[in-house]
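Chain IDs A, B, C and D follow the sequence of writing; residue 1 opens each chain.
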Amino acid sequence: MTVGIGVIGAGMIGQDHVRRITDVVTGAEVVAVADVDAARAEEVASRVHARALASGQDVIDDDLVDAVVVTSWGPTHAEYVLGAIEAGKYVFCEKPLATTAEDCLRIVDAEQASGRRLVQVGFMRRYDAGYRAMKQVIDSGEIGAPLLMHCVHRNRSAPESYHSDMAVQDTAIHEIDTIRWLLDEDIVSAQVVKPRRTSNRFEHLQDPQFMLFETASGARVDLEVFVNCRYGYDIQCETVGETGTVRLPDPESVWVRGAGQLRANVVQDWKQRFGAAFDLEFTEWVSSIEDARPAGPSAWDGYAAAVISDATTEALHSGHVVSVLLKDRPAFYG
Amino acid sequence: MTVGIGVIGAGMIGQDHVRRITDVVTGAEVVAVADVDAARAEEVASRVHARALASGQDVIDDDLVDAVVVTSWGPTHAEYVLGAIEAGKYVFCEKPLATTAEDCLRIVDAEQASGRRLVQVGFMRRYDAGYRAMKQVIDSGEIGAPLLMHCVHRNRSAPESYHSDMAVQDTAIHEIDTIRWLLDEDIVSAQVVKPRRTSNRFEHLQDPQFMLFETASGARVDLEVFVNCRYGYDIQCETVGETGTVRLPDPESVWVRGAGQLRANVVQDWKQRFGAAFDLEFTEWVSSIEDARPAGPSAWDGYAAAVISDATTEALHSGHVVSVLLKDRPAFYG
Amino acid sequence: MTVGIGVIGAGMIGQDHVRRITDVVTGAEVVAVADVDAARAEEVASRVHARALASGQDVIDDDLVDAVVVTSWGPTHAEYVLGAIEAGKYVFCEKPLATTAEDCLRIVDAEQASGRRLVQVGFMRRYDAGYRAMKQVIDSGEIGAPLLMHCVHRNRSAPESYHSDMAVQDTAIHEIDTIRWLLDEDIVSAQVVKPRRTSNRFEHLQDPQFMLFETASGARVDLEVFVNCRYGYDIQCETVGETGTVRLPDPESVWVRGAGQLRANVVQDWKQRFGAAFDLEFTEWVSSIEDARPAGPSAWDGYAAAVISDATTEALHSGHVVSVLLKDRPAFYG
Amino acid sequence: MTVGIGVIGAGMIGQDHVRRITDVVTGAEVVAVADVDAARAEEVASRVHARALASGQDVIDDDLVDAVVVTSWGPTHAEYVLGAIEAGKYVFCEKPLATTAEDCLRIVDAEQASGRRLVQVGFMRRYDAGYRAMKQVIDSGEIGAPLLMHCVHRNRSAPESYHSDMAVQDTAIHEIDTIRWLLDEDIVSAQVVKPRRTSNRFEHLQDPQFMLFETASGARVDLEVFVNCRYGYDIQCETVGETGTVRLPDPESVWVRGAGQLRANVVQDWKQRFGAAFDLEFTEWVSSIEDARPAGPSAWDGYAAAVISDATTEALHSGHVVSVLLKDRPAFYG
């Protein structure tokens, strides 16, 4: 069986997923593409011998489409995900699941009403080998109960369109999901501290930001978000337990000695850093469709991330500790 | 286009490649399988909805087979590779290309007579990210002309059937190809030094062995082969140039602190260490077939490795430095 | 010239300094020792052929004593330091300089009145090779203006007598001085976050603690203090600047591969970690006396650390951000 | 008690030891200095308030001299060491103990005739923390019986006066002693392989050289000597045992991230790399004199190093494996 996939949104990330499904993932093929820019949809579809359709809804309705990938503009996510659920089709939605917690809840409700898990949200770090090894160490009890987690999220540079809220909504949201998944518990409050800004900044941008989260058990997680760090893309994470710690390695690189120094290259962007994780994410997603056993980040995870992001954004604006108010998790989501 | 692949030899490595072609590589499918054990051929073929054929020659002759993978018993390699060339089909042959240099030469001659490159030999290290980065550093001139290379090849343990010559023929052969490829020159002599044997050995086995190679330009390469090192699978390589050095990193692993120690897991077998390299090897091989532009390790590389292995085996037995006598490389092989 | 040194307080740290001055530091000798326990003073003095005197004041007054080392019980520090200033003698005082900011100020005032720098406070990290290299990198401008600093201070275990305030007053005080020195600016506010406590704790102890400091320029420093981490003594520090970062290395240790792991020992206590720093601290202190050019951490640094510690302790109790109110730094202190 | 030390030879290394004895080592002072250049002896002596004497023999005979340090020109070593033994005085001799094995034997015989251990040879690596930790791991049995050792000795650059034999006599001699000490057995043969020379060489110089040693138990040790490696001073050592390995760490350095790279400084010379080892060497030597219990590298170790160096030099010239013919070790040397 080959899973027929329809892609809604043919921008940079959409094109990357089209390439991935075509060149990397076995057992799946892109059969339809839609984009607000019809010419772009046509161009991307033709590369992989798929059809360009007029609208996202057309993709959802298409008979050859078994599963939908939503990589369109954020504000349109909810509509397409709800459409896919309505059509009883599997749907992979890049984060955010929706731009408001209310819309996330509508999706959660619709999915429950449909009676089965159809939605996966694009939190690819759960597929990174390093994070998976860290989770294995934590779950093994080897370092005891987690008490603290120290995280760093640095980008080489951000475009001028990047504004302070995006440090939470676009950037920290990855750590927010990762924290929940690694520690297997929810975040209950958020605080944001504003360090002196880098002078390599835009006027409007608070960069770096230093975020503090508290989990249900009382563990504390700190996160540096610094999107104009200049030297590379750098993701760090250390979990501190009662009897030990576990830390992500730096990405592999050959070691060169020369000119008085020992040196290794630092990864420059998220594609390099998480390319293998994206590949595995789609490979496992397609497998889970073949097996009809969805296992990735759920609509509920998308909802929780939205609520926590909103609280963190409020904390950024207010300067105060903001509580996270999540609904009770339905039994449907395990 | 989907490349139809016929697999001759359904043992451990053959099965692994069948799985790889099916689950990992896009654009290819296994269409036929043969094995000396017909029941095994049947079993492996049925897993992937392919046909079991009666013989290797039947696989080569099969109309659905565009390209052949030879993973049968070493002494049969030459026959099947020659058969594939005869049939004008692409063929991927696990090392060794043939068990004698003479047979390798027959293949080289047949391929040249056929007028185009059809043969690729399974030297997967050329597809390892670390080795590729090392080659890039060497080729960039960043460390100057290479003068020395220090290599280590350790296996956790070897079975009783493993005998001293296999340290060259089965184990060091990977470094032999890697050295030629990294330094872009041939090996002209070999010497083998016999250290005190590990007491965790079999009576018949000289383990470890310490090999010394000289290249055409006079660079010297040393290689420790230790196949019962007990602690894991460990591949190390450092190239020393006139102005600097480059070294393979250890495989990525999370760092755990606990019980007074900082520690990381060591990879335990070649599947873990080179799994990604095998995947890329087949992905690029299939792409090269689609493009009709073969680019991997050639029959000539297989021949050279055979001649150098033979010289090294002779050096092991004689205790002397043994010269490597290679034919002149035909223009056909670039 | 040999500097005659009188030691007030012959407990563990006092004895260690007596040994250091005798066995490690050239150009100095211990000539007199006092302790509240006269027998202990006698025992320690006799080891190095010095005299045991009846009181700290007797040590200060002794003609053979050129410089005083104060390692007695914290509440007595101020009296002895003031006594040494009164006598016009150099004095090295282990932290804290005094147990209240008021007493620190009295010392600062007395020293200024005396017209010359006589007091050095025992902040030994300024003598650690790693921290010095970090300061050099920061001062060189190589990483740009510092924006953030991430610090970790872990002890294997704390005795039952250790209570929550000591995480600030005894432990974090080292980072408080280090931050001021590395960034060359003062701390203006403190906050303490209380994570879930380790179950390997005493009822009365908040452990770990997570502290946040703001500097005058707006840089933010976070510090994990965890005094029952179980696995060793672990000091980490990363400074994040506008264009790069600099990080302390882990202490040197041989790398062992065995039983499936790559591992190194973690240092177990502060003597191992900072032994060389203590040695250099005293070597430079004695040199500075010989040259009559005091250069180490000053009474003002001791005063600032006391004020910041007090604010941090208040922050621990209140849960709020607490401002640090320092007097203006007198020109006397550069 | 203060040990009065007389220094014969006030060149670079002699001056460094004068400084070390004066500024670093407690319990000792330089009381007399001699040099072939009387003005230089005067200058160096005056720095530390010692007397300049007319000759090495005058230093040996001087009543204030309890122990002699020989740092004169190599060919004069034997005479001064024999003179010190004759005078019944402790003597520390920089390597080589003597320039011929015969002279080393005369020293060994004279020392035995004197009835007590008086001579220590300057093999400072035995005092390096990393090598000591490695020895501890080997001796603990943690990695099983040693089978192989891989060593690297790189210098940034060598002066024009440095010729090929010096790679053995001046450079590899340190590893020769270290191997014997770490493995606690003797070297029985040597071979030298000559790689392509660096083009950053002098015409007369074979650089790098690759040496191979065999020990009495059959362990094999390889050593790269490369004295114009350009990038720094780099000492590496890995011991491979039956069940594991142990490796020297790189010298500690802060880690900087910037401009796309993670980097650390490489040590540039032996003073940086082994400064602490030299300090400890002299501290322990002076202690051993105070205790009258010599424990460092002995005259026998100096003799063995000389014989092995000679064999290695012969191997360099002949291209053959050369056997090492050592006398039986007298019971006097344990």
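Methods note: contacts are C-beta pairs under 8 Å (C-beta built on N, C-alpha and C of every residue); 3 or more make two chains touch, one makes a residue touch a chain.
Please read all numbers here as calculations on a predicted model, not as lab measurements.
Taking each chain's centre as the mean of its CA atoms, D is the chain most distant from subunit A. If you compare B-C with A-B, the chain pair joined by more contacting C-beta pairs is A-B. Between the Cα centres of subunit A and subunit D there is a gap of 58 Å. With each centre defined as the average position of its C-alpha atoms, the distance from subunit A to subunit B rounds to 38 Å. Per-chain Cα centroids separate subunit B from subunit C by 58 Å. Residue positions of subunit D with contacts to 2 or more other chains are 230-231, 243-245, 253, 257-259, 264. The touch graph of the protein chains shown is complete. Within the complex, the subunit D residues that touch subunit A are 230-232, 234, 250, 253, 257-266, 268.
Here subunit D touches subunit B in the complex through residues 144-145, 147-148, 150, 152, 193, 195-200, 208, 210, 212, 217-220, 222, 224, 226, 229-231, 240, 242-245, going by the rule given at the top.
Residue ranges on subunit D touching subunit C, taken from their complex, read 22-27, 129-130, 133-134, 137, 142-143, 243-249, 251-259, 264, 276.
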